[in-house]
Amino acid sequence: MTVHPVRSARSSRGRMGRPSTVLTIAMLACLGYFLLPLVWIAVASTKDNSDLFSSFGLWFADDFSLLANLRDVFTYDGAVYGRWLINTALYAVLTAGGGAFLMAAAGYAFAQYKFAGSKVLFGIVLGSFMIPSTALVIPTYLLFSQIGLVNTPLAVILPSLVSPFGIYLMRVYAEGAVPDSLIEAARVDGAGEFRIFWQVTLRLLAPGIVTVLLFSLVGVWNNYFLPLIMLNDPKWFPITVGLAQWQAKASGGGGAEALFSTVITGSMVSIIPLLAAFLFLQRYWVSGMSLGAVKG
Amino acid sequence: MNSHNVREYPRRRGSGRLVVVLLTAVLAIAGCAGGSTGSTSPTSVDMAAALKQPATLTLWSWVGGLEDEIAIFEKKYPNIEVKVVNAGQGPAEYQKLRTALSAGEGAPDVVQIEYQQVPSFTITNNLLDLMPYGANDIKDKFVPSAWQQVTQGNKVFAIPQDTGPMGMLYRQDILEKHGIAVPRTWDEFADAARKLHAADPSTYLTNLPPNEGGAMTGLLWQAGSRPYRAAEGTELTLNIDDAAARKVAGYWNGLVQQQVVAADADFTDQWYQGLANGKYATWLTAAWGPLFLQGTAKGTAGKWRAAPLPQWSSDEKVSGNWGGSTSAVTTQSKHPEAAAALAMFLNSDPESTRMLATKQFLFPATKALVTDESFTSQGLPFYGGQQVNKVFAGISETVRTDFTWSPFQDYVYSAFTDTVGKAITDRRDLPSALRDWHQDVASYAQKQGFHLTS
Amino acid sequence: MNPSRVVTADTAVPVVASRERNRSVTRRHAIAAYGFIAPAMLVFVATLVVPLGYAAYVSLFRERLVGGTVFVGLGNYGEAVADPLFRAGVLRMALFLVIQVPIMLTIALVFALVLDSGRVRFGRFIRLGIFIPYAVPSIIAALMWGYLYGPDFGLFAQLARRVGLGTPRFLSEDWILASIANITTWEFVGYNMIILFAALRAVPSDRYEAAAVDGAGAIRTAWSVKIPAIRPALLLTVIFSVIGSFQLFNEPQVLWVLAPTAIGNGYTPNLYAFHLAFTNQQVNYSAAVSFLLGIVIVAVSYVVMLATNRSSRS
């Protein structure tokens, strides 16, 4: 197989030859399996309560009730769903954004510098990840209630801001993607450490930061148990807790209401912003950026 | 045998809680002392004065739309403002409540608690005794079986809001198709189950859910079982496998082994589909069941009817209860008089209770509504025009009044699923699973410091 | 004799001077490092370490419904070690780990390599699609899988019956672990794939140039160049999958709603800790179980790290 001279990063990344149809079909088939349950939920959100349990799961029923369901979702219970969406977005963006930056700095420091106590600190970071978070919820609640943070957004944001996993991930990326030669060159140029971090490292770490951001985003968006315990007032609930509350209404025991189609449609709607965020963030992974820095 | 150092670690509530407990005790004693002098007792005078003070109350309730009922209350007591918060339904709310109570702050003034959970909050002294606040005055308004569940000795810890007397919803078309008469006794029910399943193997007379401790407890209640009785202080009488329970277990054992009843977990997709597609010909459920069924099995409209539960002997008319909530006042409340007034008003005022029944469709706990013609005479098309409320109103009066709950009902239900529930799914011997259930709960109770008596 | 190691009078002063400069540079670096770490560490200590410390303290006591609280020292831990439910849970997770993790990570690696090779059309769409399951919250997952796995009306069951295969019992006790493994794989292949994919993207191109010059084909490049290049990320996914599988909670919780008797309260150690705290009101014992589980995880992770280090050296 002939090798063309390297002009752009892409052609040397093992991309030899044109896209393979066989491979594409195989991957699309795999994709089908991953999307199957989601097809179910998309189809299910077009059905009303009775159709849900009497029609074939993967195809539509006779009545197309998507608009009616959507209307129910956004108007039920004093139109609180919209508020929940905003809450979730707020928590997710603040936590993921703030956290990604904090963790990138920490990961870079662990990877780049030797300093007293770095091994111990990193050991603590890693060690704490090994204790399941179920042990943390009640103590965190007790501590936060002492400070008066319970039932506020901070009670949900702070505990999720920094995760041991994120720090570890950033360290790994920093070790792999930030060449010492580059840092040394910048130092020789007279740049201060923080300036190096801000102008050089962040760009190199971009794919890693985006990854951590994405995981953080998803993690906070889907977090259920922490907000359940920390928040009492529904006006601060994120979508997960709110939807679970609606669904619980369907489980009998007095005042029971069947809300299935509303819960299902509400769930489907709640996935969409995450997908949008992912699509938007994907752009930052196609990184010709780091290679430009190396060559330049 | 380990020797433990008995040392109390600092509780966050600290001295504040001690003060509240003392105050409550003082008030209780004062209330008891004052009660005998009738309407001129000092505590009722205190109520009137206290209710003129400005106060803001927080009410945790998962029953939606309480604003109208609250509006009436606020009109009567203009200086009291009530904030209604839906902090979660059932277990979700209790988890929050327990955490807030152990933190010493953050709990609401008035909270919705289901009957079976009330003792679990009184054992930790978190609920206010409402006797000094005039609870005795409204005692006669309530159905006896409901009132009995909220009292311990001469203390009243919650006000009943709604109830769940158990009855049977059945598919008239399926029974008619196979020439089966509506079973009135459990023997008839067993025969009908065998006959139906033999005729149509894809249909079962009923489903016995292995995860629903509440439903099974209702059936045990009907049979006269009395699993838990609190004696003095730390003494607890535990008889989960008493004679009545063994009778029930033996009965269902037969049907389960013969595979003529289904064993699906309820409130799952599988179960909803079963209801909608005629897999189960009856549903042994409570008074909130009819409306619930309407929402989930729309395709079967017009085919269902309501009837009392089958009886153990043909001259009996008794039932049990599954579900229903109360309003209780927490000891963290800074306005106990106002909170007590709210709890009592919400659930006994004629206008408020009527709204609860007609707007929120809660099955009433008050005698007035249960016997009210306009409530009972509604015909529901889903049930072929039958006056379903009247059926359940009649059942409501037959609920046994001697049943009491354990102080750790969460654990009891979860142990049920692990022992008896598992036996139902695996089609193993139910009476011995019942014994296992008892043993499981007994060892838990001992670990929790209870002294078991029989 | 190496000339550079001889310190003569001429070179002595500059050497001393540069040593001074090194020290101040190192100090400057150390200060910068602490500065970078401080914000994250602050939050970390406040929201993780302090609650963990409190949880450890709590695990030394036993609070009872009646009779107050007693100090039991390591009594809770002793009880947990002897607890048949806890031990069964740990063994179950070990089995799960040994089977599910290699399968899931292999699939994720293959996907990442295929996508990175650029030989697939619709790459972005496929990447997004495989990742989506991770973004689905458990409440929805429960609904979906409840539908798919249902023995009477579920999709898989209906298809199997149509093909004449009989009714698969996904939610029966024999098969439930495999069903959970299926859900976990479905959920996390995309997650791990993204990590590995991002690592592949960050590999500098000069590594490929050498392979290209050698005339290596796509698969050979993948095996000899790409995989070694992302070793740190691979190790990351292995360690976190190990930790994750011992901490399994969401997926069994999802299926518990559907199969409450096949999945008991102690099905996984993490689920056990949760139930102990919130159903049984045994908060102290729950904390002990959590810490004991943490110790098990530390031990297993250490073994895994040792094993991978040794294999890389050989």
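Observations on the model:
Each chain gets a letter, A, B and C, in the order it is written, and its residues are counted from 1.
Assume a contact is a pair of C-beta atoms (placed from the backbone, for glycine too) under 8 Å apart; a residue touches a chain by one contact, two chains touch by 3 or more.
Computed from a predicted model, the values in this text were never measured in an experiment.
Distance from the centre of chain A peaks at B, each centre being the average of the chain's Cα atoms.
Of all chain pairs, the one joined by the greatest number of contacting C-beta pairs is A-C. One finds 16 Å separating the Cα centroids of chain A and chain C. A straight line joining the Cα centres of chain A and chain B is 40 Å long. In chain C, the residues that touch at least two other chains are 143, 147, 153. Among all residues of chain B, those that touch two or more other chains are 95, 269, 273, 277. In chain A, the positions touching at least two other chains are 53, 138, 142, 244. Chain A contributes residues 1, 3, 6, 9-10, 12-20, 23-24, 27-28, 30-31, 33-38, 40-41, 44, 53, 57-58, 102-103, 105-106, 108-110, 112-116, 118, 121, 124-125, 127-132, 134-136, 138-140, 142-143, 158-159, 161-162, 164-165, 167-169, 172-173, 175-177, 179, 193-194, 197, 204, 207-208, 210-211, 214-215, 218, 221-222, 224, 239-240, 243-244, 247, 263-264, 267-268, 270-271, 274-275, 278-279, 282, 285-287, 290-291, 294 to its touches with chain C in the complex.
On the chain B side of its complex with chain A, the touching residues are 12, 60, 62-64, 85-90, 92, 95-96, 99-100, 102-106, 108, 114, 162, 164, 214, 267, 269, 272-273, 275-277, 285-286, 288-289, 291-292, 295-299, 322-325, 360-363. Within the complex, the chain C residues that touch chain B are 57, 61, 64-73, 75, 143, 146-147, 150-154, 173, 257-262, 264-265, 275, 278-282.
If you check the complex, the residues on chain C that touch chain A are 28-30, 32-37, 39-41, 43-44, 46-52, 54-55, 58, 111, 114-122, 124, 126-141, 143-145, 147-148, 153, 155, 186, 189-191, 194-195, 197-199, 201-206, 208-209, 211-213, 215, 217-218, 221-222, 225-226, 229-230, 232-233, 235-236, 240, 243, 247, 249, 269-270, 273-274, 277, 283, 286-287, 290-291, 293-294, 297-298, 301.
Across the complex, chain B is touched by residues 49-50, 52-54, 77, 138, 141-142, 145-146, 150-151, 228-229, 232-234, 241, 244-245, 248-258, 260 of chain A.
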